[in-house]
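Heads up, the thing below is written out as structure tokens.
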Amino acid sequence: MTGIVDWLELPLVAALALAGWRMVRGPSAADRFVAFDMLTAVAVGFAALTAVSTGRAAFLDVALGLALVNFVATAAFALFLERNDGAGE
Amino acid sequence: MLGAGVAALLRRRAGVAEAVSLVVHGIVLVGAMMLLGRATQDGPLALTVFGGWPAAIGVGFSARLPGAGLVLVSALIAFAGAVFGHAAIGPRRRRAGYDALMLALLAAVNGAFLTTDLFNLYVWFELALLAALGLVTLDRRQAQIGGAIRYAAFGMLGATAILAGIALIYGVTGTLDLVTLARVLGDEGPSVATATAAALLVGGLALKSGLVPFHVWLPSSYAAAPLPAAAVFAGLLTKMGFYALLVVVAGVFGLGATFLTPALRVIAAATMLLCALSALAQTDMRRLIGYHVVAQVGYMAAGLSMATPAGVDAAVFYMVHSMIVQANLFFGLGAIHRATGSWNLRGTGGMIRSNPLFAFLFAVPMLSLAGIPPLSGFWAKLLVVRAAFAGGAAWLAVAALVAALLTIVSVASLWSEACWKSLKGRRVRRVPWSMLAGMAILSGATLAIGLLPERVAIVAKLSAAALARMGS
Amino acid sequence: MIATLLMALGVLFLLIAAIGVIRLPDALQRMHSATKAGTLGTALTVAGAVLALRGEGVGSGALAVLFLLVTLPIGAQLLGRAAYRSGTTLKGIEQDALADDQERPGTSSVDRAGGDI
Amino acid sequence: MFVLLLVALLGSCIVPLSARYVGKGAGFIVALLPFGLAAAFVAYAPVVERGWVRGEGIAWAPSLGLDLTLRLDGFSFLFCLLITGIGGLVAVYAGGYLTDKPRAERSRFFTLILLFMTAMLGTVLADNMLLLIVFWEATSILSFLLIGFDSRSARSRRAAIMALQVTAGGGLALVAAAAMIAQVTGNWSLAAVAGNAPQIVASPYGVPIILCVMIAAFTKSAQFPFHFWLPNAMQAPTPASAFLHSATMVKLGIYLLARFEPVIAATWWGRTTLITVACVTMAVASVQALRAESFKSALAYSTMASLGILVLLVGLDGPAATVAMIGFLLAHAIYKAALFFCAGSVLHATGTGTLRSLGGLARKLPMTAIACTGASLSMAGIPPFLGFISKEFLFEAQLESSWELIPLAIAVLVNAVMVGVAGVVTLRPFFLKPVKPVKVEHPESVSLFMPPLLLALAGLTISLDPDWITRVAIRPAVAAVYGRAVPVDVSVWHGWTPMLGLSLIVVAIGAAIVRWWRSIHAFLRDAYLIEEIGLERLWETTVRGLLRVSAAVTGWVEHGDLRRYVVTTAVALVALVLWSLAVAGAAIRWPVVDALRPAEALVALIGVGGAVAAVRARNLLTTMVAVGITGFAVAITFMVNGAPDLAITQFTVEALLVVLLTALLLAVPLDAARSRRPRQRAGDAAIATAFAAVMFVAMVDMTGAGHPTPAADWFGRMSYVAGKGLNVVNVILVDFRGFDTLGETTVIAVAALLGASLLGARKTEPQPRRAVHYSFAAASGPLFWLLIVASVLILWRGHDQPGGGFVGGLVAALAFAVFALARGVRSAETRLRARPTTLVAIGLLLAVLSGLPGMIAGGPFLSQLWWEPPAGVPLPKLGTTIAFDLGVFLVVLGAVLTFLFGLRREGAR
Amino acid sequence: MTILYAFCAAAIMGAALYMILSRNLVRILLGLALLSTGVNVMLFVAGDFGSRQPPLIRAGEKALGEAADPLAQALILTAIVIGFALTVVLATIVVTGWRSSGSLDARDLDAAEQPDDPEIREPHAD
Amino acid sequence: MRKPLALVALLASFVADLLLSSFAVARVVLAPTIRTHPAIVAMPVEVRTPWAVALLACFTSLTPGSTCLHVSDDRKRLYLHLLDGRNPEASIAKFRRVYERHLLELER
């Protein structure tokens, strides 16, 4: 099992690299944030694979945490793009 | 030790009322006295490991020297600062959290003085950095913000260097307990990793304590903080850095590890000379004294760089002296500002006629700073000069004496401008009693050390011995 | 075996999503790739992992997938409008029902936050 | 003796208070102290007379080498008599002189004078060199305070500072000398110096020691080239000038030289140096004395010349020189103090001190005129005054010593000038006709004319009946200085000797000077070149130059450019590391190369790629994103290497940084145009590369050393057994190293306080708010609760599973962030109900309090207690760690929210 | 792997230092954040990461088996949080500075360098 | 009894759509040349309750080739970004058939 998982990590790293590339290249801010979303998904995948390769479910907790927190970052990015913020209602 | 525990607890109360702050400072002072008593009587073994874990495993406080002695000094300064602050700190600043920040700062400083753990030391440095930043930005004036950015950037740089050094040491030894480290590192010669770690720690701590050329950010930060805080900066913050330097160089790595000595000597000489020289041309009093604060650290480093017990002894004595004197000098500047409305020498004057008691209380730290006997500064400088001669670095002694002459020149003109010169067209106001009382506490301490230096000298000697014993 | 298959599929989708993020011509289209293929890939991978662990951590895994399913579309909507409004270049757009939206600056005048940076 | 010093010290502080209550007579009351001391010292006369030395030692600070060893020998005794005797007269005189001054000021003056007297006594009595330095520096400081006593006058202040600069510099030289001597001999005793002379001279410190002693003495005794402070010191009130700057303090240098004579004489160049310096000083002083316009400065320069004579006499060898030195010391002190008193009286009476404009005062100040005449006759060396005897000694010493004629010639000339000055200062103000009538505002009073009169009288009586003073003072003093008893014959008439001839020559020349003083004076005044080349100007130029250098250096170092500061610091840090590596000279240990795991390697390299991208990005947003990639990659690296706690924390922190930093970026311009020139960038790149290289090498060596983990292993063994937790990291955080965490929590709390203070005060005007995305707004409620529940779970499970207070707090903060983003900061604040800072305070208190139960139970602070349910009861185990973790949770939550609310408000402005 | 990680830590720190040497305050801020990330990696390298097992004791067992270095992790955790706090505080100060001076240039911190004018009386420290 | 059924149907069609949409994207992405025909279209909405509108927006965002960009202020129109906008009417009709019907039933 572990061997296969190790191999599965490679495409994931490739995905990570691609997302990172888009994140840095842009060209627009929106592109970067799309890439950030992608990055989150890849990281969750990593957490799942690590859980399998170590046999510890604890890494699924990490996956959960990631899912929780990155949405907020995405939202913040989006609001940043719209330049709209929670000042005074 | 229990007293320290209670004090540590109370210190952290985020109380904002001045009364709470004053009471806490008083309690800490009493606790610190008990602590020093324990430290000198029981030897350096009074140890509390928080959480009740075995020594070298948990993080502990140890009432060893010189830390315990420095805690007493810092408690004294903080208490005097609280008294002084009665009139200097108004309700607006108190609402902004002045008291809580000062208490946090005191907690950080005392934590650093007492801790037995390298990483814990780093945590206290960060706490001190943040508390100091809070005090610097308390008034949110533009100059303060600029100073704060610089302060924060350099604080983080220094902390990073320290943390990197800690990482290397942990990687090599797998432990963070100071005593264990001293034993482990003392057994083997320097390796690339430990030598780098030592240099990083020394660099980071030199940055914290303001040694040349790591000092550039420091003098202006004194101009930015509200006065009693600036006094505490001068008295405690740079000395906290130097204390850690002392523990790292003389304790953890041991005086036998001489690979740092040549660099330290150059740094010390440069600090003494450059900063004493820089002080000459300053007209802003806070910057003037700020440069002297840094120059004084140079003297301590000179003592430490001798890598002899006598040198460490000198450094510890110098620390005790300099903490009290520099805090007091800043108190004095605050009082002058209160009376004349100016921080600039050109706008001050007439203090001796309007506030003769102030003039006396101010003269004590000034003369002590200049190293005039029989005040504490003289004995401190003497010990450094002697250690330098004895250690075969006569040039360092000469540098110390030249810097002392520059200091005298600068102090004399400060006295002349602030106290003697008459202030045309403006009435010089009375200095409030609370300010005088705060100064009196510290001036009294300076006089006491000057006239009865034996007690401090013994503590310094014991400290040097305790540091030397760490590794055995 | 099923677990491995699920994980492989999930990873594959993630990779495809990432390729989409690189290859698709504009931000809004890339977003399609990231949210859809990405969500599916993640869900499959986590499901496979839970299976491989014989049900251990099923709570966390299920919660994570659920949360992703809830948040990814919302994130996509947020980003989508934000991307649009920040004036990002839209390649080959054929119809724009939002063209009279006040918030979007002309694509030629580059907003300091959006635009090509 | 110790008691006497103590009495003097206390008396100096107490007695002058009387001046606040007593008017004119205060001087007499104050004078009781010095006179009483004088009487007490006279009681020692029998001891001293027999050549005994009285030493007293009290340990003071033995660890510093400081003990209170006092030593009274003939030389000290002579000084003590002079100090107390003249001190008393000065007090009396000052009582009359300062009648116009406010009482407080008068009292202050008396205090300073008496303190000065005490310091002088201490200096000459001290045997321990440290003790001597203590008193020596005290005289410098008191002199500074007295010269600047009239502190409103800028000239006074300037003169005081100059005097202090010179004399304190000399004091430091003395400190150096003492430290070196102690280094050589291991001993601080002054008396032991003479005995150790060969050892001192032979040591490598020999030359520096002698030079330092000479510098100390020359500065104090106003010898060339350190002489210029003395004439300026005449800004001091006249009683102080009389006491400090002529009779006593300036002679301390002579005292020191005399004590060190054995050491100086042991080198081939020592005596030559002394004599050369003395001759130059005498020559300069003579010229200046004739140029001087005012009464007091003429006296000052003549004092300088006299000090030159004394240095000359120390330098000359043979017993006669010593006898002459002692005799001249005594005579000079007596007549010069008297003359200063007279000068002061004239100044006081007329308000002017310029010699040319004075005249005819003999009628108005008759007693002063008499005193002045007497003292002047002594100064001029006219028999039967004491000055005559001392001058005879001087010439005898010259002739008997082994020196050439030049010093003799100069001494003759100088003495002639002194005759001239004595004549001028007596005849001109008192007996010659004034150019225009001089008005006398203050007539002379008893306290003003009595002291000079007594001194003038003393000059006469001593020479007529020298027996007592020779026996108790001169002879023992000579013996003390010379090292053995020397026959001393003090009498006016020695018969027809060569010395008498020289005296006659001197008087003749002096008379000529008096006769043609006006033209000589005018001629010399025109010679402005003298002023141009004056050392005083050189000194001031030097000090000004130093200030300029200081300003330039400060400007150069403190340029205000943060970048260059960082450059300095970074370069210094790298240099420090390289230097210590070079000194340590250790070789790199290479680690065993382990298998490369390709996926993880790629992740790590992506992290580096993010960092590189951050460096290259020109846009702040891109930079932030790139930094975020690095953080992400690092988090994944943590995760795949067995650190779920780190990963989850790092991810959460990255997300929060996005939320907070986008708020920052909303406020500032995103375009970060290049702020550095290409060459600067290249330099920076070099620095950064060097830094990275150094760190890399150190880390390689570190891993090469292996990873001993004694503490970590212990934690692994004990975590569940002692800490009741399965998650070892969390147990370390809340229990084993709970104190770290407490400190860290305090860090966060302080950060929150800071954020509240920086961000809280500014109230923003309400802005028209654009609607956020509809679905987001709708979903924010459920999302909020989902996140809250998750955060509580993370907190609760933290002890056994990844999680804990920190992450829990961060996640809870994210819940509020969702709310703030979707519905605005204000509604998030409303939902929170409490102020974030309140949460912080409660949390901190909770964390601290959780350490108390364990303490009450007898353990140290932060000992954690556990309650485990009885077997079979389905309750979770409870520990104080949970309270601790909850405290951390609340602090983190409150702190993050403080910044979240504040920064998002700030970003929205 | 260890050498690679060491390289990464060093490279990240080097890049961070280069950013800190810039004159744009926000770049400096981000550089400092990056620097603390780099140091955290360094701490990680300092710990023993011979195992990929998390330092979690398996249910039912009393002691930790083979696992990554928990102490290093605890230290990094503390360092992460402290670094985060400092970054945020610095960001706050930068924003405040931007609001009051309108500049992000590190050279414009000079205001703190100028000695105050004696003629202008500051508001009293009350 | 209708409501749970509607809910199940809704979720089922959603999961199916998620799979489909992922495959659709994969096809586009992996094609040798990228050929897309993006468009932004407006879709009228019948559901009235706020949560139903929000859900509709979410579902449209997860289905093949469409993302909701904006909900009009009066909640009567959704603006969708379509990856394949060559036949917008058909796409809109599908959304209304698949999702809005179930949502309307849930709304009752």
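Per-chain numbering from 1; labels A, B, C, D, E and F assigned in written order.
Here, a contact is a pair of C-beta atoms (placed from the backbone, for glycine too) under 8 Å apart; a residue touches a chain by one contact, two chains touch by 3 or more.
The chain list, named the UniProt way, goes like this: A = Cation transporter; C = Monovalent cation/H(+) antiporter subunit G; E = NADH-quinone oxidoreductase subunit K.
None of these values were measured; they are calculated from a predicted model.
Q: For subunit D and subunit E, which third chains touch each of them?
A: Per touch definition, common to subunit D and subunit E: A, B.
Q: Tell me, please, which chain's centre (mean of its C-alpha atoms) is farthest from the centre of subunit F?
A: Max centre-to-centre separation from subunit F belongs to D.
Q: With chain centres taken as the means of their Cα atoms, state the distance from subunit A (Cation transporter) to subunit F in Å.
A: Their C-alpha centroids are separated by 24 Å.
Q: Counting in whole Å, what is the centre-to-centre distance of subunit B and subunit C, each centre being its mean C-alpha position?
A: Distance between chain centres, rounded to whole Å: 55 Å.
Q: Cα centroid separation between subunit C and subunit E, in whole Å?
A: Chain centroid spacing, subunit C to subunit E, equals 31 Å.
Q: At what distance in angstrom does the C-alpha mean of subunit F lie from that of subunit B?
A: 67
Q: Could you check subunit F for residues that touch two or more other chains and list them?
A: 57-58, 68, 70
Q: Of all residues in subunit B, which are in touch with two or more distinct other chains?
A: 119, 123, 126, 130, 133, 137, 140, 149-150, 153, 157, 164, 168, 171, 174, 176, 220, 282
Q: For subunit C, which residues are shared contacts with two or more other chains?
A: Expected reply: 17, 19, 28, 31, 35, 39, 41, 63, 67, 70-74, 76-78, 81, 103, 113, 117.
Q: Run through the chains and report each pair that touches.
A: The list of touching pairs comes to A-C, A-D, A-E, B-D, B-E, C-D, C-F, D-E, D-F.
Q: Taking the touch rule as given, give the residues of subunit F at its contact with subunit C in the complex, in rising order.
A: Per the touch definition, subunit F meets subunit C at residues 18-19, 21-22, 24-26, 28-30, 34, 36-42, 57-59, 61-62, 64-65, 67-70, 79, 81, 83, 85-86, 88.
Q: Taking the touch rule as given, give the residues of subunit E at its contact with subunit D in the complex, in rising order.
A: These residues of subunit E touch subunit D: 1-24, 26-28, 30-31, 33-34, 37-38, 40-42, 44-59, 61-64, 67-74, 76-78, 80-82, 84-89, 91-96, 98-99, 104-107, 109-110, 112-113.
Q: Going by the contact rule at the top, pick out the subunit E residues touching subunit B in the complex.
A: The touching residues are 13, 20, 25, 28, 32, 35-36, 39, 42-43, 45-48, 71-72, 75, 78-79, 82, 85-86, 89-90, 93-94, 96-97, 100-101, 106, 108-119, 121-122, 124-126.
Q: Okay, in this complex, where on subunit D does subunit E touch?
A: Counting only subunit D, the residues touching subunit E are 558, 560-563, 566-567, 570, 591, 593-597, 600-601, 604-605, 607-608, 611-612, 614-615, 620, 623-624, 627, 630-631, 634, 637-638, 640-646, 649-650, 653, 656-657, 660-661, 664-665, 667-669, 672, 675-676, 684-685, 687-689, 691-693, 695-696, 699-700, 702-703, 707, 709, 711-712, 715-721, 726-729, 732-733, 737, 740-741, 744, 747-748, 751, 754-755, 758-759, 800-802, 806, 892, 895, 899, 902-903, 906-907, 909.
Q: Which subunit C residues qualify as touching subunit F in the complex?
A: Answer in residue numbers: 13, 16-17, 19-20, 23-26, 28-29, 31-33, 35-37, 39-41, 69-70, 72-74, 76-77, 80-81, 84, 90-99, 101.
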